[in-house]
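Labels A, B, C and D are assigned to the chains in the order they are written; within every chain, residues are numbered from 1.
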Amino acid sequence: MTFPTPMTGVVPPVCTPLTPDNEVDTASLTRLVDHLVAGGVDALFVLGSSSEAAYLPDRFRRTVVDTVVRHVAGQLPVLAGTIDMSTWRVLDHAEAAVAAGADALVATAPFYTRTHPAEIARHFRAIAGRTGVPVFAYDLPVSVHTKLDAELVLELAAEGVLAGLKDSSGDDGGLRRVVLEARNRADVTGFSVLTGSEVTADSALAMGADGVVPGLGNVDPEGYVRLYRYSRDGDRERARAEQERLCALFGMVRAGDPARMGGSSSALGAFKAALHLRGVIACPATAYPQIPLSADEVERVGKYLAAAGLS
Amino acid sequence: MTFPTPMTGVVPPVCTPLTPDNEVDTASLTRLVDHLVAGGVDALFVLGSSSEAAYLPDRFRRTVVDTVVRHVAGQLPVLAGTIDMSTWRVLDHAEAAVAAGADALVATAPFYTRTHPAEIARHFRAIAGRTGVPVFAYDLPVSVHTKLDAELVLELAAEGVLAGLKDSSGDDGGLRRVVLEARNRADVTGFSVLTGSEVTADSALAMGADGVVPGLGNVDPEGYVRLYRYSRDGDRERARAEQERLCALFGMVRAGDPARMGGSSSALGAFKAALHLRGVIACPATAYPQIPLSADEVERVGKYLAAAGLS
Amino acid sequence: MTFPTPMTGVVPPVCTPLTPDNEVDTASLTRLVDHLVAGGVDALFVLGSSSEAAYLPDRFRRTVVDTVVRHVAGQLPVLAGTIDMSTWRVLDHAEAAVAAGADALVATAPFYTRTHPAEIARHFRAIAGRTGVPVFAYDLPVSVHTKLDAELVLELAAEGVLAGLKDSSGDDGGLRRVVLEARNRADVTGFSVLTGSEVTADSALAMGADGVVPGLGNVDPEGYVRLYRYSRDGDRERARAEQERLCALFGMVRAGDPARMGGSSSALGAFKAALHLRGVIACPATAYPQIPLSADEVERVGKYLAAAGLS
Amino acid sequence: MTFPTPMTGVVPPVCTPLTPDNEVDTASLTRLVDHLVAGGVDALFVLGSSSEAAYLPDRFRRTVVDTVVRHVAGQLPVLAGTIDMSTWRVLDHAEAAVAAGADALVATAPFYTRTHPAEIARHFRAIAGRTGVPVFAYDLPVSVHTKLDAELVLELAAEGVLAGLKDSSGDDGGLRRVVLEARNRADVTGFSVLTGSEVTADSALAMGADGVVPGLGNVDPEGYVRLYRYSRDGDRERARAEQERLCALFGMVRAGDPARMGGSSSALGAFKAALHLRGVIACPATAYPQIPLSADEVERVGKYLAAAGLS
C-alpha cells in the first residue's frame, strides 16, 4: 500500500495479548485488531511501548508483526516499533519488520549507552538509509532519558530521513514548536506529528498535530476516532467533551497500588484488564517482571469502564 | 570448571574488536584474550558495557561468547553480560550464553521500562531460577537509570539468587555498605563484590571488595593485576602508586572532543585505539552510531600510553 | 481589595528592571507596571522566576513589592513570589510581602533539601496558616526538582490551604488532571489553575485553566490579553492565531548562544532586551551571574519583535 | 588567625541546635562546639547542609556565626556556609559571615536557576573577589543538581579564586581526579580537597584528600579525629577499622521511616537525636518542615550509639 503522507488520524499502539503460558495469543491479537479496525482507526502501530515491546523476545515481536500484517492484509498501514538500544540492534528489528510487511518504522534515539545529538542523527540516518520505508522518531524521555531536540528533528525531516515524530514526551510546547516550524519551513513537506498523549489529544490536534497514538485507544478506539473527527471538522467543543470522557477513563492507569508495583505494571495491566473485561482478549496477563493487578484492582478498572459507558 | 566462590581478582570487561566491515574480528578477539590471560587476569567478562554489548546484534554476541569460551577452554572462568531491557529478553541472552559455555551471568535491573524494587527482585529471581549458573547484579545507574538498593541486593544474596554485585555506580560509600553488611550477615556467604571503577580500585579493595572489573584493564591488564596483588598482600602504598599511574592513563577516556561526540564514543574509542596502538587488535573501529576518534585524538591516546610506559 | 475567587485572566510575572549599577530601577519598574496595566492584564505577579527572584537579595525583593503595590494602589491584585528553600525562609518573605500589601502569595515546594510529600504538605499548611492570604502552589520542576503531585494539590485545595496552582511544569496532561478533578470534587471550590506556559496558553484555557502567567507577557501583554479574551469568549480560532504569533515571538528565548550561557541568561536576557528595545525599561541588564546578550544577540531579539509587529 | 594553607584535618559541619520554640539554642550550640573542640577537631564548618542551613532564616544564620566565632575565640578556624541560589544572595550571606568573624566561606554553584559553567565561574569569581577570604567550592549535586566539573575547579584554583573543594558528591573517582591533577599542576598550590563523605573518609585521605567534613562528626568527633590521625600517620589498617566502626554508626541515618519522611528528616533527625541522647544538646528538634523521629525511631538511634560504644 502507499503510505499516507503525512500520516494522519488515530493510530493505536496495539497491545500484545499473552496466553496464560506466556506466549503471544495470536487469536486474541487478531480479535484486538478487528476491534480497532471496527472502531475506525486509521493505522496500527505494533511493538510500541504500550505493546510491551521492551518486554517481548524477538520471536514474540516477529509473531506480532506477522500476525497483524497478514490479518490486516493491506486494509490499513501497519507501523512497527524497533525498540532497542542502538543502531545495529534496531536495524535487525527493522529489517525483520519490513520483511514481514510493515509499512513504516518507529525508532527511538539510542538508550542505555551514553549518546550525543550527532550520534542520534547518525542513528536515524542509518535506519532510514538501510530500510527504505518511512521512519518515525519516537520521543519518549521517560524511557530513553534523552529528549529529542526540535531542531534536530526538523533537520532530519528536511533531509528526508524522518517521515514523522511520535511525541510521547508530554511536552506539548515542544510538540507545537515542531508543528509550527515544520509548517513554516519550505524544505519540510509531508512531515507527520503524532502525539502519544491520551489526555491532551484534542489540544495537540488543535495545535496542528496530524494524529494521535493513544495506548488507551486499545480500550476505546471509537472514542479517539470521534475525538479525531470532531477535531478535524473544527468542532472543538465536542472534541473537548470526548477528550474529557477519555481523561476520566484514563484514570484506570492508576488502578495498581504504587507501593506494590511500577507505573508500567499498573497502566499496561489496566489496559489489558479492560480489554479482557470488554471481551476482546482472552487473558489479561502482562509480560514479566511486571506485577499482575489484584482482583480489587481489576474491579477498579471495571468501574472506570462503567463510568465511561463501556461495560 | 568450578566457579570460584567468591569470585575474586581482576576480571576485565573484554572489548569486542570489529573489522573495518563491521563484523566481530575473532582473530583480534582471541589475541586480546591472550593479552589479558598473559597479563595475569583471573576471569573474563564478555558482553559488558565496555564490550559495547548495547551496540552488538545478537549474532555478534553469540560469536563473542563462542569465540572466547572456546579459546579460553576452561583456563579461566568466563562471565557473560546479558544486557537487555527486561526479563524474557535477558533470559534469551542468558540461555544462549550458558549454552555456549559461559560460567556465570551478569544482568542489570530492567531499563527503558518503568520499574519498581519488587519487579527488580522478580527479574533477578527469574534469571537465577531459570539458568542455574551464578548471577551477578550489574549496578550501572548512568545506563539503567535505577540505582540498585543495598538492602535488595543483600536480600537476594541471602536467598541465593545473586552470587555477586558488579558495582559501576561510582558510589563507593554504597559499595562499602554492601561489603560490610554482607560480611556481618550470617545468611550471606560467598558473595562477591566487584567494582567497575578504573580509578578507585585500590580503595574498593581496601574496603573489602573482592575484585575489579576495569574497562581500562583491556589496555593494561598487568597494571590492574599488580594493583590487585599489592592490595591482597596488604601493600597499600604500592597499590596506591600503581592506581595513580592507572588514573593518569585513564585520562585517555577524555581524548574525544565532547562537542563532537558522546562519552561512550570517546572512552570506548580510546580503549580500542590504545589496543590498536599496542598491536593487540587489528582495527580500532567502534560500533555504530558512535563517532570515531580523529587522527589527533588517537595521537592524544598514544601520549597517554607513552606517559604510562606502555608504548 | 477582595481577591478574586478564582483568580482568572492574564497575570504576568513582572520582570525586575535593574540599573547599570545593579540596583532595582524603580522608575523602569513603574513604567513596566503601567505598560502591563495599559495592556489590560488582570493581576500582577512580582518576584516569580521571570522576575529573577532567585537572583535578588532580600532588600531588592522588598523594593519590588513596595514599589509595585504602591504604584498599583489597589487597581489590580498583586501576587508575590516567596522563592526560597524551606518553610521558615519562605515565611520571612511571605510576611514581608504581606506587610508591604501583597494580596496573595506564590510558593514552591522545598528545594535544595531532600523532601517528601508529607513535608511538602506541612510546608504549604504552615505558609497558609501563618499568613492568612491566598497561597498559590508554584509547580516548576526544572528549578525545584520535584513535581507537585496532583492528588496532594487537590487535597490541599480541599483543605483550604491552597487557593490555586501556578503550573510551570510543561506537563499539560497533569494540569488538565487538576482542572478536571477540581471541577468534579464537591470539596474544592474557587480553586484557580494558572498555566506558566507561554506557548500552550490557548490549549490550557480550552482545557479549563483559569488564567495564564506568561513571562513573555512582559513584552506583549496585549497579545496575551487578546488570547485570553478570545478563549473566554469561545473564539478558539482567533485564540490559536494569536497564540501562534506569540509562539513565534517566544523564539527570542533562544537568542543567546547556548555554548556561552545558560537558558536563564538567554531567556530573561531576551525579555529584558525586548522591553528595552520597546522603550519600556531603561537598561536591559540581568542579575549576576547571568551572562549578558551580545549586540548580535540583541539584534536577533529585535527581529523577533519586528516579525511579531512590535517594533 | 592565619588560615591554614591547605586546610587539613577534621572539620565537622556543626549542627544547629534548636529550642522547642524553634529558636537557635545558643547554649546547646556552645556546648556542641565544646564537645567538638574537646574531640580534637581542626576547624568548624557552620551553616553547611548538616547544619540545616537551607532551613534557617537569616537571623538564625547570623546568630550561629556570631555565637560560634565568639565562643571559639580564634582557637580554631571557622568556615561559614553561604547556601543560597545565586551570587548576590550568596554575597549577602558572605559579607555577614565575614563581618561576624568567619575565617573562610563555603559556597555552592547557583541552583534553582538554570545555569552554565561560565556562569558558575563568574559566581565563584565574584564571591572571592568581593570578600577577600578563602572560598571553598561546595559540590553537592543531590541538592544543587549540578556536578562541579573537575577542570573548572582546577582552573579556579589556579586563578586563586578557590582555596579548596568540599566534595559531597559521593563520586570518589572525581575527588581523586582533582587531588591528582592539583598535585601535578605547578599553578595550583595550597589547594585543599575535603570529603564530605562519612563512610569513605579513610579512602579519600589515602587518595590524598586533605581533610574530612563529616556530618556524623557531630556525634563522634573523637572517632573521625582518630581516623584522620591514623591516616595521616600511614596506619591504614587502624584507619580502616575506625572507619568501619563509623560506617556502622552511620546506619542511624536510616532510622526514620522512608514512607513517612524524607532523607533529610531522617538523617539530620538522627544526628540531633544522638546528640540529645549523648547529653550534648538540650532538644533534638529539627527545622520545619522536616518530620520529627518517633520515639521508636529515636530508640533505634540509641541502639546505634550503644553498638558503637557511645552510650
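Operating definition for what follows: contacts are C-beta pairs under 8 Å (C-beta built on N, C-alpha and C of every residue); 3 or more make two chains touch, one makes a residue touch a chain.
For clarity, every value in this text was computed on a predicted model and none was experimentally measured.
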Identity of the chain that, by mean CA position, is farthest from chain A: D
Just give me the whole-number Å value for how far the CA centre of chain B lies from that of chain D. 35
For chain B and chain C, what's the span in angstrom between their mean Cα positions? 49
Specify, in ascending order, the residues of chain C that touch 2 or more different other chains. none
Should the pattern of chain-chain touching be classed as line, ring, star, complete or other? ring
Give the list of chain A residues in touch with chain C in this complex. 170-174, 176-177, 180, 197-200, 202-203, 206-207, 234, 236-237, 240, 244, 247-248
Touching chain D in the complex, chain C uses residues 22, 54-58, 60, 83, 85-89, 91-92, 110-116, 118-120, 122-123, 126, 142-145, 260-265, 287-291
